[in-house]
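Lettered A, B, C and D in written order, each chain numbered from 1.
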Amino acid sequence: MEALILDGRHLTLETLHQVVYDRRPVEIDPEALDLARKARQVLFDMAAEGHPVYGLNRGVGWNKDKEFDPDFFEQYNRNLINSHSLSVKPFCTVEEVRAMMCIRLNTALCGSTGISAEILTLYKEFLNRGIHPRVLRRGSIGEGDISTLSLIGQTMIGEGVVEYRGMTVPAIQALRAEGMEPAVMGPKDGLSIVSSNAQGESIVALVIYQTEQLLRESNAIFCLGLEGLNGGLQPLGRKVNALRGLPGQQTVAADCRRYLEGSYLSRPDPKRALQDPLSFRCGSAIGGTVLDALNFVKQYMEMQINATDDNPCIFADEGTTSVSQNFETTTLSLGVEMLASALAHLSKTICYRLTHLADPAFTGLSRFLTPVDVKVIAYCAIQKTFTSLDAENRMLANPSSMDFMAVAGNIEDHASNLPLAASKVLQILDNLRYMMGIELIHAAQAVDLRGRPALGRVTGPVFDAFRKEVPFLDADRNLSIDIEKAYRFIADGRLDAAIRQADTH
Amino acid sequence: MEALILDGRHLTLETLHQVVYDRRPVEIDPEALDLARKARQVLFDMAAEGHPVYGLNRGVGWNKDKEFDPDFFEQYNRNLINSHSLSVKPFCTVEEVRAMMCIRLNTALCGSTGISAEILTLYKEFLNRGIHPRVLRRGSIGEGDISTLSLIGQTMIGEGVVEYRGMTVPAIQALRAEGMEPAVMGPKDGLSIVSSNAQGESIVALVIYQTEQLLRESNAIFCLGLEGLNGGLQPLGRKVNALRGLPGQQTVAADCRRYLEGSYLSRPDPKRALQDPLSFRCGSAIGGTVLDALNFVKQYMEMQINATDDNPCIFADEGTTSVSQNFETTTLSLGVEMLASALAHLSKTICYRLTHLADPAFTGLSRFLTPVDVKVIAYCAIQKTFTSLDAENRMLANPSSMDFMAVAGNIEDHASNLPLAASKVLQILDNLRYMMGIELIHAAQAVDLRGRPALGRVTGPVFDAFRKEVPFLDADRNLSIDIEKAYRFIADGRLDAAIRQADTH
Amino acid sequence: MEALILDGRHLTLETLHQVVYDRRPVEIDPEALDLARKARQVLFDMAAEGHPVYGLNRGVGWNKDKEFDPDFFEQYNRNLINSHSLSVKPFCTVEEVRAMMCIRLNTALCGSTGISAEILTLYKEFLNRGIHPRVLRRGSIGEGDISTLSLIGQTMIGEGVVEYRGMTVPAIQALRAEGMEPAVMGPKDGLSIVSSNAQGESIVALVIYQTEQLLRESNAIFCLGLEGLNGGLQPLGRKVNALRGLPGQQTVAADCRRYLEGSYLSRPDPKRALQDPLSFRCGSAIGGTVLDALNFVKQYMEMQINATDDNPCIFADEGTTSVSQNFETTTLSLGVEMLASALAHLSKTICYRLTHLADPAFTGLSRFLTPVDVKVIAYCAIQKTFTSLDAENRMLANPSSMDFMAVAGNIEDHASNLPLAASKVLQILDNLRYMMGIELIHAAQAVDLRGRPALGRVTGPVFDAFRKEVPFLDADRNLSIDIEKAYRFIADGRLDAAIRQADTH
Amino acid sequence: MEALILDGRHLTLETLHQVVYDRRPVEIDPEALDLARKARQVLFDMAAEGHPVYGLNRGVGWNKDKEFDPDFFEQYNRNLINSHSLSVKPFCTVEEVRAMMCIRLNTALCGSTGISAEILTLYKEFLNRGIHPRVLRRGSIGEGDISTLSLIGQTMIGEGVVEYRGMTVPAIQALRAEGMEPAVMGPKDGLSIVSSNAQGESIVALVIYQTEQLLRESNAIFCLGLEGLNGGLQPLGRKVNALRGLPGQQTVAADCRRYLEGSYLSRPDPKRALQDPLSFRCGSAIGGTVLDALNFVKQYMEMQINATDDNPCIFADEGTTSVSQNFETTTLSLGVEMLASALAHLSKTICYRLTHLADPAFTGLSRFLTPVDVKVIAYCAIQKTFTSLDAENRMLANPSSMDFMAVAGNIEDHASNLPLAASKVLQILDNLRYMMGIELIHAAQAVDLRGRPALGRVTGPVFDAFRKEVPFLDADRNLSIDIEKAYRFIADGRLDAAIRQADTH
């Protein structure tokens, strides 16, 4: 894969995805590197002239009134890394660590940071050589992830621990294996490494990728469920949704129409209800709301991964600096929380779709989709499982962004809690995979009970792929095993692969 | 004021505002009226051919399987209005009622409703003649406000009660005073009146207008507080915010720079801190987040007040109808909840700014801004007041949109709770006015204790206007009276008038 | 009514109720008054010896390091009252004000306060003569209601406003009408008046009385609903509940058995279901949970209204004082929040009972309890109304007690938010009255549709009393009027009167 | 250890603790076994007479209308176990599984279950032989843990997987290793195994044990912190708390007095503040609130583990059965949620204590407890770590008990969500251990900076034990390592051991 050139301005969510998941190599744009060097020179010049600069010759946070000399620079930056190594378990995944290194490298190339070229190069090398610092995940309040990103700083100076070639080893060992030397921290390098929202944003990156995939999967399962229900296609129509004009709803409805091309649902059936319950009728509107919320998140995320979040902010062209509020990421955090709420709607909608699929009054099929009344209990109690997960999702959709308190001598008196907000969405997404697995189980069973009529262009192959994993329920069996299989079918990407393949053919 | 022509496509938040607050008259575009008539004919044709149409010759909700004859149309629609008159206290304000009538009239002109021209005309007449149905506010779950909008239907058939010329009178009395006749309900008229999100949207309209005003006021008070603090201007700079590129933050910072033009803060002062606490330093970023969230709400609101939310949706051009999901308004509801969260951040930020203004370590002024130590207690306990309001705001920022349960035989199994979501924001906004009043009291006291230095282009006139209401605190007095005065200064619009006047000069 | 003797130790919730609602006069126990005088003398002695005493010769809160002289005592206490008059609208009800005066008087008689006998007497006189200070309700964080109780202090010194003989008049006017003089504040009198949780506790007092009544009403309506359903009595049995042994559940089941004595439900019926849905089957368990939570609240409330919440706490017998944490009321606040959750369960249970009563599958009656299919729509859409109120109740059940922030120079860094917590319960209770009104409407309609079979000893008279207010629904009518009538039947106490009368006969 | 005799009536939390943690063997009381046999006979007799009995010859849930014959009993019960095996990851701990087996065994001995003696014996054998079924933890809504307890049933019939002698093996393998045979399910055995709240209660059991330990630890750390602060002892006094009379507060204050016996704090010091911030002054009141809430939980838990939660409930003495609501556990669930709120208060209090300990204005020590100003940054940024955990705790304190929806054909329309509620508390407790670890770090550093004055009877040994794990911070070092060490010192029980040992000497 061709190397991605990072210049502080052109990182997209798609290319970030490649760096994170596909280990696409990165290069630093020479002009951007020049600008970064220029920015650094500004700091040196100001310090030489005796100007107070936050984090350079003055302490950070409450210690902004503490002054120190250039000969203390290296020790100070080492101290800063140490004293800011403050996070707690669990550890971040490798994907998260790659995302945070790529994001921090890119934003440091905007020319407002003042970081040394040596450190910049280390980010690049770590990414390209697969040296992944072990970063503890919790501890940041999302107003600069200083307490977590510091653990990347540790490894750059040869301390701390990294994941390297599948093993957890001391950082120094990995550096040596690669013939590299630990960095020597210059002025403001410590602050430049830690003062960024890259950790919170790394979780947001995962949230975005996972939500995009999950929405595709959820739409396909919804469509298969509609076939299980023998439901109506009218609410998915092009024109009726165009008249409304809501962007997410239109896109999801179009996807669903494509997934259902050729389905028996397009043939008239006098037994079909005039209107279905809202969980089906409004299925693409609710999916559309997830998409609307996701697009808001993506919009702010793309701005942020291509802009400085440094304080002080250096104007390399002017040779000056400015105190800044650019580490503020509250809009993004609120967007993530809105996405959590949208997913909570999806969660509840899945629950209602599932209760309908088990209800003869709506399906005309057997109660709980049993193949044989009385003799087989089938999906009689499974509603407890998915509603219990829904209750957890409801809880995780409560906002946290405003639950901070003033720290550091009352000076740091605002926060966004971005890492917490984003982590909760990851948990919701995983719970949804279990719930969607159960939805798939029901939808497929209902389709089978109908004699497997003609299915849609995408739902057909999805059904077939799923049936290779979980067969028709003809007798009661340990359903926790079926649920786990259906979950894995989704979590391992096999469902998504089936959808994408069918959708492009 | 020139009449506003409504055609189902060009209603803006600004013109809606004029209809609601300034009682701008409205007219119906003749082409739109033609389209509405055509749409109605589609229904008649379908009924004549014996097609089942939801809400026309079939019942609504769970009763969609119940069939009835044309000779029952009038009685059925009357029954529908009666049986859907279901809401509870308190009553909506006149502004809300005007907004809901204007919105419903406009969306019914999109040509997908099938409502009679007579009813359309009644909306227009009610607006233009100031006949305001008394609508009970609670009872809708935001999936079509059928249980509240029905009370407008009551008045159209001469039942129910209206506000008319400042009095609450039976609807029939107001109609007669205007020489009007009650409407006779034709087919689907009942459903057309009630099946709309216009009530929830009416509260959103108020939320939008009030938030726009409140944000302007909050920014100005923040700027005056910055002058009370002797805080730094750098974080408000054009360039430093442009480098970040977040839309709301940039706009609010620009507003603040304008408000502070000419302030003593632009002159260097060795006593000024290198950096202020985040509640001040990031003041325009947090205001910017409120603006970002507001703009999201406005975007979806403008789409919705110019689009059909009918089900069934009539295609007047094709002579057909479609089952629709167009009454779904969940994205808007989530946007409103995001706005609530943004305002909760603002609320907490105000609290922290206020604790700093009372703290000599940050201001260099006296503790609690007392004019005389020991002899005057001043603002020693007032922090309990605004933090108690902040606790209430925190509570109101918890989401409700997903807290619904299936109704109507499990068929109506999704909801947005838009009216509740929006009502909570109105309460937050009102609480904020009290808090901002206290912020104003502190800011002005601090400015006075500094000897009233040169203030900004806008903050100066704001200070002067406020001092006419609440004088300098030279001795302890009943502060609940000062708080109420400051609140009224804001709630009655005098602060906003002072800001607008100064800002345009 | 015989005067109630207050001595700081024997105030019960029942006697408090009499003082609040029945205006039972109060007297001060002479021994308790002696003890109060002794306590005051301790303060004088300590001040004479030059000991620093919080709130006496030292400031309060952050100003605890500020010292002042005896000749400043009166002015200081007046300043304290003024500077602590800090609350905002709405106003407390007369009942709340009576409760807070009675509670504060009683706890000040524990002998640990140091308040003057003159002020103590004023509380008594205000209660007995019906002089009710106008107190603004919001502003306290429940860690001593200093910002609200101060408004009582205002009226004692002849400032502020009172409700007196049905009118709102300046306090001085009411005092003069009664031939009384304003008080002169002595040392620590200001602090003694404001430093108490009596305002929060006054709302808790109302919560307790209202919940007790509402639970009785809810149980009776549930029983009538069971008769509407033709439900099973077994789960209410004495023995089956005794084997479980949960206190609330047993009590409520016993009440229900009594309410249903003689009902047709005790006769076997082959059409009756083997088991009812949980909302019916577990009705007395859920009511029992409300009772369990209520009893927890009552237990802590009774302790608190008979104990000092003063700081400093005076040991009259030893002639010393102690710094105290006795104003802490967090357990009570948590109990109130638990009660809110219990009521949220009741709220949801009512919703489910109502959806079942409208469902032929459970009742064997007509859909939506219509008297004539198709011709009358009946209760087809009313489920939106009560579920929208349930969504509001769900929101109000979110806790607030921990949503505080440090105030007063970071010294007051804990709070209970008791007034907010209790206010939310009052709102839940009022919403429940609307919901229970709708439950009554359904239950009575179902009973009528069954031909009004033999009802229980209490449910029979309840049905008859209700039918005088809201007749059988034979045709569609404006249901918002019926709902308001049913609400008033409950809110005005007529339902409770009917229950009590029938239950004692 | 002597075997514990289980008889359905005398299981205490203490003896349950022994069975769970110390693997104390259990025996079944012969009389209780007789009663259980009698109860079973009642079922047989009723079935023989053709009476419909829920779960015996009628289906469960919505299938209560489905009837089947005795020759289908075994297959039906096997089907029931299979179709109810419905839970999802993660797996329960061995402690949880032991607790749930012990609780289910005891409640089944109340004589209302109808379970076979063979199955009862299996519970006993599993406990005594250390055969621990692998139970998936999530899936129950706390209204009978039917979807999780079923996995125990699997292993009893030789299916599923167990933890046995440290390994995860197929159940059949463990049974054979012990020379045991799988059970043959008789009538109602399946329902008897799954229809119990034992899984939720097993988590509550852990919550109780862990909270008791954590409160002891938290009190001791608070006391050491008070020594770090040089805070006042008066609020801990016996008399001042006795006058208030709140049970938890008195107990915790007494514990703290004991922990601090002999401390330098009992000697007067003119530099000591007149009053400390509430987070210190009210430390034992807030701990007391945790204790009050815990005692409420314990009270209901002890009732429930000694009472039937079966439906139907068999009256062995009368030879009859009753439909029951005895699986209702909502009061316990609300108690657990109240405990979560109490712990959220503790969490916030720890945060505030920590910010004070880093603040020279309160301690008179260096800023952030640095040993050398400027040269060592020390605990400058650590406040982000613990406040981020506090934000998570705040989120986890939101209630979930009422977030259920109707399942099983709308029949199961109430739930308590006990397992979710209790699981959240486990997470809060673990977060608190990290926060308390940081509190310990601060307290010890402050004590060292004071020159390690004479400490209390318990705080002294605690300090010494801790200093063996984490030495004085004399230079900046990777603090995430210190935090993990402090956490392990608490989580592994070494702190508690130190406290207990010192407290008893």
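As a convention for this text, a contact is a pair of C-beta atoms (placed from the backbone, for glycine too) under 8 Å apart; a residue touches a chain by one contact, two chains touch by 3 or more.
From a predicted model like this one, the values you see are computed outputs, not experimental measurements.
Strictly by the touch rule at the top, which chains does chain A share as contacts with chain B?
Per touch definition, common to chain A and chain B: C, D.
Indicate the whole-number Å distance between the mean C-alpha point of chain A and the mean C-alpha point of chain C.
46
Taking the mean of the CA coordinates per chain, how far is chain A from chain D in Å?
The separation of the two C-alpha centroids amounts to 33 Å.
Would you please write down the residue numbers of chain D that are in contact with two or more other chains?
Within chain D, the residues that touch at least two other chains are 143, 348, 352, 355, 359, 394, 398, 403-406, 410, 412.
Examine which chains touch each other and state the graph shape they make (line, ring, star, complete, other).
The chain contacts form a complete graph, every chain touching every other.
Can you list the chain D residues touching chain B in their complex?
Touch residues, chain D against chain B: 398, 405-406, 410.
Can you list the chain A residues touching chain D in their complex?
Checking each residue of chain A against chain D gives 59-63, 66-68, 72, 78-80, 82-89, 136, 138-141, 143, 146-147, 151, 154, 159-160, 348, 351-352, 355, 358-359, 367-368, 373-385, 387-392, 394-396, 398, 400, 403-409, 412, 415, 417, 419-420, 424, 434, 475-481, 483-484, 487.
Which part of chain B faces chain A closely enough to touch in the complex?
Against chain A, the touching part of chain B is residues 52, 54, 58, 64-65, 110, 112, 143, 232, 234-235, 237, 239-241, 243-246, 248-249, 273-275, 277-279, 281-286, 288-289, 292-293, 296, 300, 303-304, 307-309, 313, 315, 322-326, 328, 330-331, 334-335, 337-338, 341-342, 344-345, 348-349, 352, 355-356, 359, 362, 394, 397-399, 401-404, 406, 410-414.
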